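You will see two complexes here that share chain A, one where it goes with chain B and one where it goes with chain C.
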Partner chain A sequence: MKNHFTGAAVLALIAGAVAADTADKRIALSNNYAGNSWRQAMLSTFQETADQAVADGIVAAADAYTTSENQPTEQAAQIQNMILQGYDAIVLNAASPTALNGAVKEACDAGLVVVSFDGIVTEPCAWRIAVDFAAMGKEEIDYLATRLPDGGNLLEIRGLAGVFVDDEISKGIHAGVAEHDKFDIVGSVHGDWAQDVAQKAVAGILPSLPEVVGVATQGGDGYGVAQAFAAAGRDTPLIVLGNRQDELKWWAEQRDANGYETLSLSIAPGVASLAFWVSQQILDGKEVPKDLTVPFLKITQADLDATLASTPEGSVANTVYTLEDAQAVIEAAE
Partner chain B sequence: MNRYRILLPVVSLAVLLGLTFWMQPRAMSYFGVNLLFNLAVPIALATVAQMFIIMVNDIDLSIGAFVSLAACVTATWLNDAPLIGLLAMAALILAYAGMGAVIHALELPAIVVTLGMSFVWGGLALFLLPTPGGAAPEWLRAIMKVKPPLVPMAVVAALLIAGVTHLLVIRAGLGTVLRGVGGNPRALTRAGWNVMQLKALAYAGAGLFGVLAGMALVGLTTAADANIALRYTLLSIAGVILGGGEFTGGKVSPVGAVIGALTLTLAASFLSFMRLSPDWQIGAQGAILILVLTARLIFARRGETT
Partner chain C sequence: MSLAGMTSKPWIWAWAAAALAFAATLVLTQGRGAGELAYAALSFGAFAAIVGLGQMLVITLGPGNVDLSIPATMTLAATLALKFMGSDPGTALPGLAIALAVGLGVGAANFALIFLLRLPPIIATLAASLIYQSLAIWSNRGLRIKPPTGLAEFATGRFLGLPNVAWVGLALALMVWVLLERSLWGRWLLASGQNLRAARLAGVPVEAVRAATYLAVAVFAALAGYLLASFSGGAALNMGAEYLLMSIAVVVIGGSSIAGGNSNVPGVWGAALFMFLVVSMLNSYGAAAGVRNVLTGTIIIAIVIAASSRRARI
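Showing the complex of A and B:
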């Protein structure tokens, strides 16, 4: 009887090794906010990936939790509850980079794997999947340089003042302009990542500007910029867009009307699925560096129709990361 | 009536605790109880701070921002230059006392003054720590992580806070006089007390416990954020009322306030264990509050008729 039992256990072990060593592991998503289209897309992507992984027997459970209020103290309590609920890993989009450190340390000490993404935490025991926003800003200028070899005047649309992301993207844009010295930033306004704010701000500054050949945006503001230029009766410049559905739709319309060509780039909310797979890899015993970088989601002229078709109205272009994507990101960081 | 006043918070906490243990047996351990309640320690301190204000018939809408500021001071000055940090804390407590004196002298509504001051505290906190960060002093971290034998830190701290404030507010003579400020300030004036000084003292008490709340919070989180404790304003008011306090008449219970804070913290965890959608959680928290208050009203009515 005992032999029989051991045999079964060994068999189960072998089977487990083939499927995944994480079949009995449970992963939780700790999220601090669900009030915009990006976060909604993030939550649904996580759920989709997690449900499939559970169905495939890769993990035992993967549940998403969102705090009822966007406060670090609430989220710290949520993380401590997850320790009590016996999860093996926490995938975390944090309300504060520092105020959750105590709770994250408790989780690490209790043997949990903590992977933070988007809103990352500074506690050294956690993994971070960060976004290189400066590189994103620089890439916009690099693209403009390939399209406009003669250079010219640029308009910069910034995000919400005082937010770290806005500073980083702007730094990248200015670094790009320093490198491609044929460009000149002749104006800079805050569009707050919102179409209506951007439209008003651009309409206000346009009369004072010379001819503008290109616009570097931060996402969420491109459509408003285009509207402001049209309302002022100016030629539409080359606007680098930010993956919002209304921006893509406008781009497709312009392309059909006059062959408009541009580039769109931003962070996909599907980064939650990347974080999920990274945590699964760590649970699986893989050596994973503590700091990883998320690739941007870039949309070129060729993918426009396909992306627009798959993006719900009012939402953001998204991509679901797979296990292979996660492995590639881990390898790139090593 | 007085016996019911403290009985009800105790019963609500016990019922909620029982349900939580039943749903999540893992929580029924030294480690589990500490995880459930350690974040309640700063909330309990903030609730006691709020109690000092409600005791003198006022209400403090700035305590959340104040605790955030104290947390920022703890994570920056108190860590880098302890002396300056201590002086800053003392200045904060003095500022609170001054706020109480001004509210009394100019007969301003406390609700307006404290709401205004909340922006001052918030601004100072942002000035001190424009981006989240800082570090908790080692000794503070050690205190909040201490593992006493048999009973976890969170429970010891709750007992300590309840015990000390009970002695201060209920047993000590000065505490009785302070409660009198809420009960009948005119009588106190006739008896020769300076009500402005007393009110300043009550506010200083609130400032002291607010500062302690900020320190305890940073000891737990290891770093601060200018918005770290904004939730505490409403939590602390709810905690005082849940614990048997009343908005008027100087009727407060320090032990009840601490229990109220623990109950509110536990309610949030309980709802999370129930896997209730976050859209419903705030509503459910409110429902628990209304339930307890209804029970209190029923007991109070019965107390009057018999």
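Showing the complex of A and C:
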């Protein structure tokens, strides 16, 4: 690890000798998957931020690349290509936390800065912009506890089986339930972060469930859950949502119809722009701690109308991070 | 039913397994929610049945024939149709026409790759599906547009106590059954699947049969995508993902021969219901994802063995 710090420092010195900025630096985004609205919003936010930065002369180039099959082997090859293409930094949303470590190490050894976010990598030479997913799951239960002081039966919607994020959020949810012991998780299904899959899974388990008062979700599944409860003729429970526009719109409709109140939280796709600025700061020679944390984007009853107005139809609530935001996140970590 | 009767009806096993999964879930609930569960199974089973019927026709064409572009076709048809409709009332039929046209286009493209370029169907449809998926991404960037209210109400509504989508699925199953069992085209398809060379020598227009089959599977997938998007509140880029293996599984579990030349329409519906019910059953019993996958796989293998060993004993 020390070697890489030295490497980065040398790189920073060389860069500093030419100019104090990063105008000749080239940054690449290595992305493993593009097949849902969250990833599409992530890609477009990155592109907006990057195009503006190039136009302003902050960096020389910033290009986005996505693999087609969501496979670590494919992404490892992509990273190797980026090294050969002479990029100075790679902003990485990884298909696996460990399987890309070899390729990431090669990139570091070749003098590239690697900043992983959302799907982070464990290789020590890379930077990590992580979301505390377990805290996110716990916060859902904490919120349910404030709204449902008598407790009751909960349904847990999980994500894609075998993915790190799913395990983390679920861990947080279960930790929350352990703390608020009036709650009882009576059912758990995998919704794969997709409305139609969640709807199908919930429709299948509902007949065997007693009354459910609350639903903890992982994002991208809340609307499908609501549809399944409605189709089964059950009362709508308190569903913690995940920032998708159709979920927010449904929430607003319910609020107007019957005063429905809930909370929505997820990670903003704009985290890609944060990762972009962090990599720019590292290229600029700033000392940046290896582990950074990005807060999740939380929407409360009070923010609902404003967020709904600013979110494109069918997309995800988003925040675009600026250079100042990145500097604030870096300072907070120091 | 006599043993001989069961032997000639390999679809019995899929239906028996579906009934067992249904019963096992009701044991847990002590009989509550039977209607609810059956209704959900018919709703969600319909989508698997529609894509399964298409896949069955292709698999019947004989070894090596399979359509792996079903998920991408569903996504592309649904995305373009919902984008065109833009939630405006009265656009459901033009939207349907667009979805079906996408199906025809995809089917024609797949067949062109297979026939003109002589690519193996697995490679051709898999490679082409990347293009279809990219077109879907490019056309709407993953934005989820709501279906028109009337269409959404139709897709989630019921008629005579059964879900409308199940009626559509049943009507298509009946149509495919009549085509296969009672029409010349069906005989040609079975003959081509049993022995392509013999069929050709006997004067069967095998290329026309293959073309029609690849068109049919894509149109079925497009229709399923259109209905699923209307049912679940919009098209999503990953909406077709689980229907790749599902479409093949329902064909195999349903008792159709994976080697082709022998298809089984009632089995596809039985298997589609089973695939929903077995996951619901395991979820209801609280099985973790890993256990659920292992059990689902084991049960599928058991049914396929049961169905095929009965056949072999004739």
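As a convention for this text, the second predicted complex is superposed on the first by the 309 of 334 C-alpha atoms of A that agree within 3 Å, B and C clash if a C-alpha of one lies under 4 Å from a C-alpha of the other, contacts with A are read in each partner's own complex, and residues count from 1 in each chain.
Note that a contact is a pair of C-beta atoms (placed from the backbone, for glycine too) under 8 Å apart; a residue touches a chain by one contact, two chains touch by 3 or more.
None of the values given here were measured: they were computed from a predicted structure.
In the model built by aligning both structures on chain A, chain B fits alongside chain C without clashing.
By the touch criterion defined above, A:E211 reaches neither chain B nor chain C.
Residue contacts after overlaying the shared chain place A:S68 against chain B and chain C alike.
Judged by the touch definition given at the top, the superposed model places A:D291 against neither chain B nor chain C.
Of the two partner chains, chain C is the only one touched by A:P312; chain B is not.
By the touch criterion stated above, A:E253 is placed in contact with neither chain B nor chain C. By the touch criterion defined above, A:A34 reaches both chain B and chain C.
In the superposed model, A:D24 makes contact with neither chain B nor chain C.
Of the two partner chains, chain B is the only one touched by A:L100; chain C is not.
Between chain B and chain C, it is C that contacts the larger number of residues in chain A. Here's the short version: in the overlay, chain B gets within 6 Å of chain C at its closest Cα pair. Residues 34, 68 of chain A touch chain B in one complex and chain C in the other.
Across the complex, chain A meets chain B through its residues 34, 63, 65-69, 71-74, 76-78, 80-81, 83-86, 96-103, 105-106, 110, 122-123, 164. Residue ranges of chain C in contact with chain A, taken from their complex: 25, 28-29, 32-34, 36-37, 40-41, 43-44, 130, 133, 137, 141-146, 156, 228, 231-234, 236-239, 241-242, 276-277, 279-280, 283-284, 286, 289-290, 293. Chain contact summary for the complex, chain A toward chain C: residues 34-37, 39-41, 44, 68, 158, 161-162, 187-190, 192, 194-197, 199-201, 203-209, 223-224, 227, 231-233, 244-246, 312-315.
On the chain B side of its complex with chain A, the touching residues are 24, 26-27, 31-32, 35-36, 38-39, 131-134, 217, 220-225, 227-232, 265, 268-269, 272-273, 275, 278-279, 281-282, 285.
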